[in-house]
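Pasting the structures here.
Next come two complexes built around chain A: one with chain B, the other with chain C.
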Partner chain A sequence: MEWNWAFAFAILPRLLEGAKITIVATFLGFLIAIVIGLAIALGRRSQQAWIARSVGLCADFIRGTPLLVQLYVLFFVLPNIGIVLSPLTAGVIGLGLHNATYIAEVYRAGIESISRGQWEASKACNLSIGQTWRHIIIPQAIPPMVPALANYLIAMFKETPLLSAITVYEIMGEALGAASRTYQYLEPVTMVGGFFLIISLVCAYLARVLEERVRIYQ
Partner chain B sequence: MVESLSLILRGLQTTVSLTIFSLTLALVVSFLAGLGRLSKNSAVRAAAIAYIEFFRGTSLFVQLFWAFYVLPFMGVELSPMQAAVLALGFNYGAYGAEVVRASINAIGRDQWEGCVALNLNYFQRLRHVIIPQAIVIMLPPFGNLAVTLLKSTAIASLIALPDLTYQAQLVRNQTGQTLLPFAIIMIIYFAISTFLKSGIQLAERRLGADRTQPARSA
Partner chain C sequence: MTKPIIRIKNISKSFGAVRVLDGLSIDVMPKERLALIGPSGSGKTTILRILMTLERINDGHIEIDGEQLCHMERAGQLVPADEKHLANARQKIGMVFQHFNLFPHKSVIDNITLAPILTKGVAKPIAEKRAMELLDMVGLADKAKGMPVELSGGQKQRVAIARALALQPKVMLFDEVTSALDPELVEEVLSVLWQLSTETDMTMLLVTHEMGFAHDFAHRVLFFDRGKIVEEGKPGDIFRQPKHERTQAFLKKILAAGHRI
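What follows is the complex of A and B.
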């Protein structure tokens, strides 16, 4: 089969529109993931055993089930109880919530990497819990987390095509739309692949630079 | 209700076979590409790197649609199951290759030198000395990949493979019920991923028990 350049150029503007949605969805999803991830990580450390256990169970359940099914639940089941979300909202929440459970583990590892001595020294210096977190624990815990968080951002970016399943017109949705109108799949799907490949390679390079930076900082 | 359940159970069969086939393909490809990545032959190394970067960089979702919709135009007609096994196997094989490479690199030089001293050839070295030690390191990341792969099988429903997710959608369309089918399949997915995880943990304990962890020199 022949690659049709005219067709490829014809669909390019719509794919670029879709690419914008893809990028917006990735960043909004990431924002939700880092906030909810923190809530999960703190919930799991709670002194109240029942809070720690139920947060842990919920997180494990979300992590053990497919993102696609979670998107369907947000999009098809929630309207039954009166919560109607737009496709993009449902997609961003689903993407963020699913990855929050992974990012919570990044926080956990970061917090646990701080030795007991730091906590004990803070107590000896008569710092309050808030001061200990703010001045001692968090500044030390964040740098090692940065590369891991960057990796999740890249992973989420590659998961966004799933949103087309709940009719979000991100780049894959636009491509499949164009393909089903014309029965020409080669150009749109290949172009989406090229888009992801280029951005992933650039991001992988940036992540490596970031990792070097963090190592020097430490 | 009974009819819905039997539809979903039929989907379970498909999901389980898809998971087993793609896990097997991914495992084989992981070792081939991971060892290729460590080869002394620069052409083999370049091919392995190109494969790994390509499949990690272009989203799994795009690969699946490419295998199913574009390959037929090139004369390769694949059933949904074949397309899904290929896409999942090669995508996770690329991630697995990095696990294989990192684990083999974690085995100290002294082990390789010991093999040279014993006059073992390349395959004997891998088979009797390196891989038995590296496998203990590989198991936890392979376990995580296996669970992620299981969850990713859900996207095969989008190319009309009648797996759990597809059957749940079918039940939703036939009965208008939304919560029930999705709740059932989420519990099933969660059960399978818990089963996979505990299987890997058991293997870790078995293998770790009679083999001391190789010293990881910093």
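What follows is the complex of A and C.
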């Protein structure tokens, strides 16, 4: 087994194309996850028992099934009922929705970490429920969530190779394509691993910087 | 004949199986300063929390300034108040908490201006001017731009008082506002309360263990035990010649613990 530089350079442009898709899928998926995650967290706290219950059930259902199965459903099963999604769209939705159910728990913990006194002081100041959320609870709940959210971003990033199962040509898909044509797996797979390692380390570093920044109090 | 600003009529409150207030009635006159004293768990803090609408009552009625607090009229019937009614009723009442409950992510001045701007639509410059006057009054004008975390407990509590005053309530509730403070910081908070009592004629309800201060501050003292008023009267009478043996025992205990009258 010997490292073939010529082959490595030959497949580099295609891997970089795949890397772009990987990054796009991760960020779009993360965007969906943080928005839907908030909706789930708030839904589960609803005063209306039936809303809290059904949101909780849906979230448990999504969390309890594998992402790969969900991707297959989104891409291969939904067309049966007339919903046809592009591979990337299906992938981003699947990735986002799946992780939203986990991120909802991060929000829950963040929200519950705010003391009852903050809610009571808001009431004594006659703020409405909406104003209390917007001006008092959410601004305080988010900074401590940053490390956990950054972890989910990195985890989602590393989950993107699953999207190759529904023909999204992200970096792993490109690498497997190159490998299957030549039966040379060493270079493409090593390069994919290196790519993920570098990006993960950079993200972790950025998360730490951000964490320092948001720690303006306490 | 002036009417009471607060009429508490036969209210009861239970937490689970524990009855904290039991058929309690109190009238508070405008400008009156009331001290509520008694052993912990006697229900005095619960009364303030009910008046601030932080707790709901199980039974009875409360009127503030002639209007129902926990109930509203619908088709000639009194029904439990909805959020809109409560929000309206809350405008008349301000509260200062034992643990300050400042908003830690807001600067000192923003803590004070937030509610007037959001709930009363006061323009920011006007709200800030008023906040500076209040900070000046509590002796913290130089801390306006600081964050709550940079303040001592006594300073935090003075900001919390300014925050409550900014909404110009008719009734102020002080819930053990010095209990969480180091002993050397108690005086600075009490002196702000004293200043309020001499410079304004706001109606104030004070739950406290500072018997000496209650004596000087209050027009009337209510001694609570197990959810009922055991004894009430002028501070001089309650503190010097308590009639009821439970009041005597409580005051004796408090004095033995080093509090002065």
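By definition in this document, the second predicted complex is superposed on the first by the 208 of 218 C-alpha atoms of A that agree within 3 Å, B and C clash if a C-alpha of one lies under 4 Å from a C-alpha of the other, contacts with A are read in each partner's own complex, and residues count from 1 in each chain.
We adopt the following convention: a contact is a pair of C-beta atoms (placed from the backbone, for glycine too) under 8 Å apart; a residue touches a chain by one contact, two chains touch by 3 or more.
Keep in mind that what you see is a predicted model, and the values were worked out from it rather than measured.
*Asks:* Is A:120 in contact with chain B, with chain C, with both, or with neither (first, second, both, neither)?
*Replies:* The answer is second: A:120 touches chain C but not chain B.
*Asks:* First (chain B), second (chain C), both or neither: which does A:181 touch?
*Replies:* Once the two structures are laid over each other on A, A:181 reaches no partner at all.
*Asks:* Name the contact category of A:76: first (chain B only), second (chain C only), both, or neither.
*Replies:* First partner only, chain B.
*Asks:* Quick one: chain B or chain C, who's touching more of chain A?
*Replies:* B
*Asks:* Please work out whether A:213 is in contact with chain B alone, chain C alone, both, or neither, and reply first, second, both or neither.
*Replies:* In the superposition, A:213 touches no partner, neither chain B nor chain C.
*Asks:* Using the touch definition from the top, say if A:20 reaches chain B (first), chain C (second), both or neither.
*Replies:* neither
*Asks:* Mind working out whether A:53 is in touch with chain B, chain C, both or neither, as first, second, both or neither?
*Replies:* The answer is neither, since A:53 touches no partner chain.
*Asks:* Of the residues on chain A, which ones does chain B touch that chain C also touches?
*Replies:* Shared contact residues on chain A (touching chain B in one complex, chain C in the other): none at all.
*Asks:* Taking the touch rule as given, give the residues of chain B at its contact with chain A in the complex, in rising order.
*Replies:* Its residues touching chain A are 53-54, 56-63, 65-66, 69-70, 73-74, 147, 151-155, 157-158, 165, 168-169, 172, 178-179, 182, 185-186, 189-190, 193-194.
*Asks:* Touching residues of chain A toward chain C in the complex: what are they?
*Replies:* Its residues touching chain C are 115, 117-118, 120-121, 123-129, 131, 135-136, 139-140, 216-218.
*Asks:* In the complex, go through chain C and note every residue touching chain A.
*Replies:* 52-54, 83, 87, 90-91, 93-95, 97, 99, 101-105, 114-115, 118-119, 147-149, 163-164, 167
*Asks:* Within the complex, which stretch of chain A touches chain B?
*Replies:* 1, 61, 64-70, 72-73, 76-77, 80, 158-159, 161-162, 165, 172, 176, 179, 185-186, 189-190, 192-194, 196-197, 200-201, 204
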